[in-house]
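The structure is given below, and queries will be raised subsequently.
Going in written order, the chains are labelled A, B, C, D, E, F, G and H, and every chain counts its residues from 1.
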Amino acid sequence: MTMVSINGERRDLPGEATVETAVREAGVEREGRGVAVAVDGEVVPRGQWSGTALREGQQVEVLHAVQGG
Amino acid sequence: MTMVSINGERRDLPGEATVETAVREAGVEREGRGVAVAVDGEVVPRGQWSGTALREGQQVEVLHAVQGG
Amino acid sequence: MTMVSINGERRDLPGEATVETAVREAGVEREGRGVAVAVDGEVVPRGQWSGTALREGQQVEVLHAVQGG
Amino acid sequence: MTMVSINGERRDLPGEATVETAVREAGVEREGRGVAVAVDGEVVPRGQWSGTALREGQQVEVLHAVQGG
Amino acid sequence: MAFEIGDRSFDSRLILGTGGFRNLELMARAVEASGAEMATVAMRRVDPSARGSILEVLDDAGCFVLPNTAGCFTARDAVTTARLAREALGTDWVKLEVIGDDRTLLPEPGDLLEAAETLVADGFTVLPYTSDDPILARRLEDAGCAAVMPLGSPIGSGMGINNPYNLRLIVEQARVPVILDAGVGTASDATLAMEMGCSGVLLASAVSRAEDPAAMARAMRLAVEAGFEARRAGRIPRRLHGEASSPAEGVAELTWPPS
Amino acid sequence: MAFEIGDRSFDSRLILGTGGFRNLELMARAVEASGAEMATVAMRRVDPSARGSILEVLDDAGCFVLPNTAGCFTARDAVTTARLAREALGTDWVKLEVIGDDRTLLPEPGDLLEAAETLVADGFTVLPYTSDDPILARRLEDAGCAAVMPLGSPIGSGMGINNPYNLRLIVEQARVPVILDAGVGTASDATLAMEMGCSGVLLASAVSRAEDPAAMARAMRLAVEAGFEARRAGRIPRRLHGEASSPAEGVAELTWPPS
Amino acid sequence: MAFEIGDRSFDSRLILGTGGFRNLELMARAVEASGAEMATVAMRRVDPSARGSILEVLDDAGCFVLPNTAGCFTARDAVTTARLAREALGTDWVKLEVIGDDRTLLPEPGDLLEAAETLVADGFTVLPYTSDDPILARRLEDAGCAAVMPLGSPIGSGMGINNPYNLRLIVEQARVPVILDAGVGTASDATLAMEMGCSGVLLASAVSRAEDPAAMARAMRLAVEAGFEARRAGRIPRRLHGEASSPAEGVAELTWPPS
Amino acid sequence: MAFEIGDRSFDSRLILGTGGFRNLELMARAVEASGAEMATVAMRRVDPSARGSILEVLDDAGCFVLPNTAGCFTARDAVTTARLAREALGTDWVKLEVIGDDRTLLPEPGDLLEAAETLVADGFTVLPYTSDDPILARRLEDAGCAAVMPLGSPIGSGMGINNPYNLRLIVEQARVPVILDAGVGTASDATLAMEMGCSGVLLASAVSRAEDPAAMARAMRLAVEAGFEARRAGRIPRRLHGEASSPAEGVAELTWPPS
């Protein structure tokens, strides 16, 4: 298991967890249109979600657009 | 002859001059739509123009609407 | 007895009551410095207080200076 | 001879010229109270004026307080 | 939303003064661009040499003609002028002006009130141009005026509303329409007046003497509607400090390592 | 008349912030009534429970989406947020906000300028929310921002334009569009900003938190157009005294006997 | 520099209203701190239970007593009250007040003018409390008033000068002293009035209802002198841009190597 | 009441800039009339032809000399100028100016903050001339400045306080003295600044370029004291309507017959 933080909440993910896994965990459906991800403060482009493994303790932020400004 | 003031100018009118005469003198064409007359500071309704004789020295004001306000 | 209004209150004064009487009734001490009187809306100079009789139903106002303005 | 700029004017000073020389050249009398000097943008404390030699082409600024602000 | 003055109803809350246009052609275009349904005229001596008729232009534009008593310094002259206008134009409506000083063109309170009383008794629908004194405004209303028309600042000065406080008091207390008359210099002045609760705005120089009268007329039409809508919409309160317009929740933690 | 920002052209000079609406339905109606062609959004953590998509609403309205960096207090966070927005929305436009104090929400000058430089270098079209300091505005322009967006007063305060003088200086010196951002409380604030020469107005709370958002949106649309037209039309100068709008010539002599 | 009203000359340009003090002791201290040489009193029904005499306090302070007609709503009542004051206090000076509305306490123009004419004819030195209407101010002057005393804003409102433009017009045209009466809330209001050319300032609540009346009285004394001196001194003009107060010449070249 | 800046205490809250006087004689009289205990000087190239010494004049007046960095456009030049002043005058106090634009003379925020940090680290008592941006003011305070000196409006403009709201925020948050620097045109500006809670006022042109500098200096001295006293005294609140300053009780019934 890998413990990471997803949008501020600690989550235990199965080994081999990737950013893709985290995005699903965050509640985003399949194609994830309008969503962007930062891991430890760095943007991870959508194309690299499935290829980017998560390490213990990493901080994943999954964002989308909301009313504002 | 009767000397009256029409719109500030002294004019000599033939005897029997009426308000009607003065209105013509002032340069108003026939029916005189949109025109009003005061003699010595009193309004003279159109219906009374022809019947109202002018006396020597009277002050006739012939007015109409212009741009303003 | 003569019933008059002194500063808005009905008072019964002995017959022969004068403005002087009313002034005392109003609580003004002897010489009444700084005081002025109006009866039925007319000023009564101090010199005439003792000589001015009050009639039934008259309205006496006894004024002086207070903080204001 | 050493050519330097003193308060924006080119001056030829005898060899061995020091900051002290430049200060005199600038028109400052003996003790030079209320005066400060920068050479090539760096402050030279009064105590080092006589000991600081000037090199060809250096820029000397001799300042004092004036009305202002 | 229509508004009533006396026995008439208007869709446009902009009343146009016709003075100051360089020619009737420019005036005609401005009247159309303004969407105004009422326009003022002055009464002057007939001038045989003059060409074109302002009345025709205003009739063609479907504008109701409101004669004024501009140039009068006494109640008596103003009353006579109103009666002459009624005779000439067949209307018993009048924009009542009694001027107290020809440098500032500020109204003469005593004669204004006296003339208003006389004309109301004579059956006129009286729209008085008045100062921003709330007491005088109330007396004019008590005298039976169909509206009160306080100035924002002197006629033609373009200073806008010099004393918003007084204008507020007038609007607060009035039971007849309050129309800002005089002082408007640009669109925001008109918007402000409407936001403060005026029922309408009367202006002349701001449009007629603008570089491009028709464009300014259009601007004024929009400005009056904007102010009227804004008042109806219920503005947000003024707050001393800021209030975020983006949510405070869900803000990401992007600093790494976390401080 | 269209205006350009960066490589885009807009007909409407009103930019709407989408924060503060009680629901998407009210927002949709207000967006339509406002005629806005550009609207801001914020970037926040996904919330599976949330319903409805703001992007769909804005797409349906044909609104260009402008992500902001609201909630960021450092240049670094703002830059990351802009990049996340680019990733999520496929746009390289950003309304850059770096806040210096969460009570007044006033911008942090140093970090704002630093973030602007970084994002411009990274190919972004940067629209910075800034203070009304003319020097900072110029530095942001020098840094390559596509527009400068000074505040009139703090976000959500509704105080309008606190320092017209500074806004004038900014407009005077700017070679990019100046957009009044923040502080607008009611229609006349927007009209005033346009009359002062702003190219556009960005507002959120004034509409979203009004009692009737759609009505205020309509008011703002009219107000922005009114101010833009009025500036083009060339207003009359302010005069210290009055100037008659009715002719001085041809005034009748009505007093009898003549005094 | 002394100033004259009617046949009297005063060194202090601050006139104190005595209403609103919590007690005579506080009033006495404030009068002293203010340096005022004239103070107003109101005429009311004698109250046997009342203690202390305001007249003694003002006499001890060497203050000239100015009775007012506060509380009167008609010319007739004001005239009678002035005559009662003359009878009671042996003075023919009066601060003339005729109120038109008891919520705003604004003056009733018609009755005010009528009362002024009556009292002047009766030999009074009349100081009328009036609105900021320049026309009414001139009529009062024409009626023979010894000064005109326009309000800055309603009595006790503390809003200061709501319409500086009107006050300027009044000062510009007046041939008698103009005294700002009513509306002063704090020291800067008084300074401003004097800078605008008023000959003096009359205030009550600003001092009597301040947390520390004596301290505010001292502040007002200083403020009136400051404004009077500043006007005499001839202020610098307002400039749209900056003007260095340090010399542009002799600036050192400190950047090395020179750019 | 004395106030402290850094390790010094002053009785007078008026700081005088010495620029703009037509000669030292006029300056000397103004300094005396102002009661100032601190006065600024600029650092410029020695001019052998110049006569009279400003330092002697200020010493005779017992004025503490505060050198400024006027004329500097970069942090580096300002720092060097401060060090030259320390060398020349033996003081480690400095009025820090870094100008961003020579037309408006507004400060350059980034370089100002950088210079402040450098000079504080170098042991200086730094009094920065800053914009009215509350965020920048706080950063300067955080950097260790002994006071913050926001402008009211540009140097020499005489426009007074253009943004009272920002000045209020700065005063509210500051833990060091806030001194209004620049923009004062006349006495009421200084009174207002003190009423708003400033600890002092720094001005030059308003006095030095007045028609009568000594008279204006006296006015400013009174104005600063008036504003300081007024704030201490606790002003009355602003009220929307009037409040009688004469008692409502005991009003006589003078109308006869009673209506």
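Keep in mind that, in the parts below, a residue touches a chain if its C-beta (ideal position, glycine included) is under 8 Å from a C-beta of that chain, and two chains touch if they have at least 3 such contacts.
Quick caveat: nothing in here was measured; it's all calculated off a predicted structure.
Counting hops only between chains that touch, subunit D reaches subunit G in a minimum of 1. In summary, the chains found to touch both subunit C and subunit H are G. Among the remaining chains, the Cα-based centre furthest from that of subunit F is the centre of C.
Look at where the CA atoms of subunit F average out and do the same for subunit H: the two points lie 34 Å apart. Separation between the centroids of subunit E and subunit H, computed from CA atoms only, is 45 Å. One inter-chain figure worth recording: subunit A and subunit G are separated by 72 Å, centre to centre, where each centre is the mean of the chain's CA atoms. Shown for subunit D are the residues that touch two or more other chains, namely 7-8, 38, 41-42, 61, 63, 66-69. Multi-chain contact residues of subunit F, defined as those touching 2 or more other chains: 17, 19-20, 42-45, 47, 68, 70, 76, 80, 84, 104, 106, 159, 204, 245-247, 250, 252, 254-255.
Of all residues in subunit B, those touching subunit E in their complex are 7-8, 26-28, 34-38, 41-43, 45-46, 61-69.
Looking at the complex, you find that subunit H touches subunit D at residues 17-21, 24, 27, 40-48, 50, 53-55, 65-68, 70, 76, 80, 83-85, 87-89, 95, 97, 204.
Those residues of subunit F that touch subunit H in the complex are listed here as 100-101, 104, 106-110, 113, 131-136, 138-139, 153, 159, 162-163, 165-166, 169.
Only residues 17, 19-20, 42-45, 47, 68, 70-72, 74, 76-77, 80-81, 84, 103-106, 154-159, 185-188, 191-192, 195, 204-206, 208-213, 215-216, 218-220, 222-223, 225-227, 229-230, 232-252, 254-255 of subunit E touch subunit F when the two sit together in their complex. Every residue of subunit E that touches subunit A in the complex is listed here, in rising order: 245-247, 250, 252-256, 258.
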